[in-house]
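Look at the two complexes coming up: chain A is in both, with chain B in one and chain C in the other.
So, the complex of A and B:
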């Protein structure tokens, strides 16, 4: 224990090193605070939905009440869905700044609605967010480099190396002690603020434990790299330059190269093609016999097939039938598009096994449910909700029931999903 | 040529020889050149691929629109049209926000849709690590290389006492510093050259080197040259101020990390916290609310539309809508579209104003980081900044409005009111107008900004970068006087 205390005393006398630690703790805290501010802004936006929605739907209800036409109710009503941030989202905001977390849908064709975005300033999104994941993945390695680059070479240059090696408990044991102490201090600078923030935000204990284990694992990679470079017996300056160049390659250059490679190797059917095809399928209905549309709709949705035949007048059930047909007609394209996105994402995450920077980012955004998987999960929940919406309105349209004002109170409600079943 | 200049050149040549002997530096330099070439090639291929794809989609959409059969004009209002934003020629050098903004838009009546399918939502998580473009290489990677090559330039001489030796041989402090600066500047020039050649190649593609692109391209070249020069001066400044070359390296890497990695990320957070942006749900609900107070075309008792009807009847001198020479339903559609479009414009203007305020905050913070200033200069000159995206959205909205109103006018003038309200078996046929009309509709053509507009937008960034260079030069001149004084 005394030896450890001795090392700590030596370390604490290095003003620059102590300042570096304090700076890291400060940056970590600032990033955590920024993340919490952003996440609470998103929660507030979600909390503001019901009031706005109530106002909007009341106006629709007042209008529909004149005709009690379920078709008008279905056509004019927007229904909100949302994707509340997971407890850990504050630490890794992932895609939440560029993908919508609130989306209103109508019972019309979903494929024309589900890819819509929210309003955001692209110039602010471009450099990436200042969150905990950024501090850990991008900045922490630089601090490792600053504390480790001259661990051995500095002593050699000061002429103390031989003496230190000859000391009892010197040599390897000494370097291990010094490295472990520095690693532990870096861990504390990152981990303690994170732990406090995570407790405030109510993150599950197991998740906190995973992140707290992830931090030293990632730091250890960089420590190992620094020790490896140190073994080459170059001078301190060369060590520092080599490590900084390695950082540049591993954190900035390799991921961008891999991004180009992945996007070239895995072409994704453009989402725009889905939108184009869906629109053609929908609008064609105006030019073909209405019975064809209904036949096709009933074939896919036999539960409504006993509905009364169409009269000569416009009927909304025909209108919604061809919207449904439009969605059904692009089903295969939608699946292909999605599996293309998933393939790209999987390739990116697979790279994480080689590039620790990517691996840590992938793991953090997975835990925080802010990655593509989470985005697609939100889209699945929108699809589920939309299915319920359609079934609800079809019940009125195809069974010729009037849509009363009170029926607006029976609208399907979007269910917030619970975060208990996250899988990595 | 004076003797002094020869001394400067001798010192510069000596310094370059030192750098060439540093194997790590040479390898790093070769890698930078290689990286630039890869970046130019891939960015160019990406830009051309994207341009071809969007062009193809646009043609498919235009052909589909033209091929529509005889229809009621209002059906075409809802059929709408898809438009695609073509990337500008300089997007291959600096794609800016292109990946973050949607590039396709569905235009229809009564609604303003979002631009969708940006790359950022169609790529793996790697896209958020940055994009490999010539601009990225010059902004981020090149300064670090210059640091590796130049940190020891003066610190090494003071540390080893060789500075005194140089001065004993008759070189002045200024000459030493100018020599080192010449050497590092030469390296910076060579480091930036491949990207600039890439820029020229990019500009050489058909249509790009129209004369109007000359101004923004020169500004880009000038901006990056000044930026790298400012780094070279800054590196020597730190090298002059710090006594040990090791400290110079650490300090410079720290400055690099703060200005290029940290500040660009912190600034947007501060900006978005300071200026909130209304989200789409709140905007849509607000537009619907405003529309209800302005007038509801569905409501037969609505005061606005009652007055509107009276004014239309008065204009044509008739008493009943049935007697109008035009189809009143089309006239109402035009009035309704005018009202919604005015609201879309107002809310879009507000949102853009808020975004401009956010970007203004980031630009103000850019005074602290030349990288932010250079980035905005580069994007503005390439036409790939938020202003460029706004240009697309505004042209899209103008086109949407014109298209929808043409269709509404067609309904007013080409479909008789009696047919439009008829419900008999043949009514559907009589409501339709000839499909030839769709082919007569003009297609959407994005009008790219002229060089003057782009160059003007890039000027503020240039001023800041020049300011940085001037400041660094002044400080270096001051530091030169005290160079080696304490050693």
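So, the complex of A and C:
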């Protein structure tokens, strides 16, 4: 039996240590299972969209077919968009926990629809859903502390330290070996369940490799911290208390304070405020002369300016024009909001170089495409789709073309992008 | 007048497994060893006696390479432990005052583990079940030689007495076949029967040619088993006596000497006259 096997035998007889490892493996497996269930639920919801959409459109088509009115078709038709989870999303749900992954939009003003939910800085938010990222970032350090806090001090307190130090393979070589074994076991408790789940979910080999490398790198930080505290030659209780306090600061307090500091330094409107401003602009349009509305709309969208003048009766092109004007009125705020979010996100990522917990969470959510970048990407795709949707309906509305039943078949279709385009 | 500071008997030589020459060692401003000289030949037992703080444990620390001397020389089989600790420790078996082993391992497993950490035992055994069996046989033979009853071999150490734990540690020393055995207060806390057993074991170890250095407060045990007794005082050998053949030390005279050394340690006043008084004949 070689030295490693000897160390394993010694470790495996420590009931509490083995129970801690088993608990970590159990928590990891439970988190992965919860992630897979959640992602499967989201995929099922997305998979159900086409059938539901076909049913909705058929009902609208039956109604519109009587009037051939493109305005009615545009007003009553909802068009689904979705953000399908990336293969790794089960491991780090990130913003999928708080931001919509399915949004049904109409050709009306978009900003009031798109900001139904708000976007926060996920890397700095307090713990969210129970997923693999939560276990790795928040819980795994506690298990490192549990297995390392008395690595040397425990031997000293048991009276064995001098005996061990007096042996040729004792001393530093022994502590290195014991540390490496514990690190490997922690890695296995986290990495093996993750690897199995990732293979089941069809995650790319390179992504699995990155996560499997990220796990020991993050654990190593905590191991180094525990070894440093151990070198101060305090007793085991003091070591444990010091490490627990450090965990509290590095994993909870510092990221929360940093979040507050970043939010203060980079003020950003709430998305709901933009939605409210857009709605107010839309509502005001009912009280201003229709010509003013159309003049403003044509100024911004001259491609429809040759449309026939409005008659005395209600016309959907006026209605859609003031919705478009409402969107245009908050355009600058939308841009500022987005750049503010991106600035906060960049600050959060920069903080990841100082706070490993933040860095690991940011990297995991990036790999899983559940971070702010992914969420903004989804918004971009919604905007692009909505633009095409408007252009499609405007072609009928502003050119007074009848909307036939067959035209529903020519509606723009939302398309999910390819996950292989993701960059870290 | 310079007090006797050496155990360099006419028979000592540079080939002695344990050799300390003119060693001075201080912790900060406090000088613990003061030009200490000591040699333990192969196949002999030297007992180092002295009051608390006399430098006994520090002497062991120097031999184990735990501390670096300010001046002087320490050699274990010719190797400087401070410069080359692993090489020196390959030649040393060390038993601390309280032999603390792994309570959740059995006696056999403890020996196996400590042998592995010594770079011996399992690592040198042939692979496979036969190798494992031979390894176990060697361990149980050593445990038997150390006097541990066979029913205790596979028991976890949780319920072992100090004497039983020492036997496990001695079994490791026997298996390692090292030339040097260092003992720190080995008989403290042992009952008379266990002390006698332990001393018998030491005699057997000596017979194998091992140089044994025993730090102890137990004068009776030292007188019973040691070939030489050195009284350490303020970091140097204040007095030394030797015994050879069947006749042993005069315990009463040794006790008087020991008490005198203890008193000097207590009041911190050491004079040349005192250092040289109470010479005890073998």
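Structure notes:
Going forward, the second predicted complex is superposed on the first by the 369 of 424 C-alpha atoms of A that agree within 3 Å, B and C clash if a C-alpha of one lies under 4 Å from a C-alpha of the other, contacts with A are read in each partner's own complex, and residues count from 1 in each chain.
Everything that follows uses one rule, which is that contacts are C-beta pairs under 8 Å (C-beta built on N, C-alpha and C of every residue); 3 or more make two chains touch, one makes a residue touch a chain.
Values in this document were obtained by computation on a predicted structure and should not be read as measured data.
Legend: residue contacts after superposition of the two complexes on their common chain; A:251 is shown touching chain B, with no touch to chain C. Of the two partner chains placed by superposition, only chain C is touched by A:3; chain B is not. Once the two structures are overlaid, the count of chain A residues touched is higher for B than for its counterpart among chain B and chain C. Contacts of A:158 after superposition: chain C is touched, whereas chain B is not reached.
By the document's definition of touching, of the two partners only chain C reaches A:14; chain B does not. Chain A has no residue lying at the interface with chain B in one structure and with chain C in the other. Of all residues in chain B, those touching chain A in their complex are 24, 28, 35, 38, 42, 46, 53, 57, 60-61, 64, 68-69, 71, 75, 78-80, 82, 84, 96-97, 100-102, 104, 106, 113-132, 136, 140-141, 144, 148, 152, 245-246, 249-250, 253, 257, 261-262, 264-269, 271-273, 276-285, 288-289, 292, 296, 298-299, 351, 355, 358-359, 362, 379, 385-386, 389, 423, 425. Touching chain A in their complex are the following residues of chain C: 64, 66, 85-87, 89-90, 92, 94-96, 98-102, 104-105, 109, 112-114, 116-119, 122-123, 132, 169, 182. The touching residues of chain A, counted against chain B in their complex, run 27, 30, 34, 37-38, 41, 45, 48-49, 52-53, 55-56, 59, 63, 78, 80, 94-95, 98-100, 102, 104, 112, 115-130, 134, 138-139, 142, 146, 150, 236-238, 240-242, 244-245, 248, 251-253, 255-260, 262-263, 268, 270-273, 275-276, 279-280, 283, 286-287, 312-313, 341, 344-345, 347-349, 351, 357-358, 361-362, 365, 371-372, 375. Considering their complex, residues 1-3, 6, 9-10, 13-15, 158-160, 162-171, 174 of chain A touch chain C.
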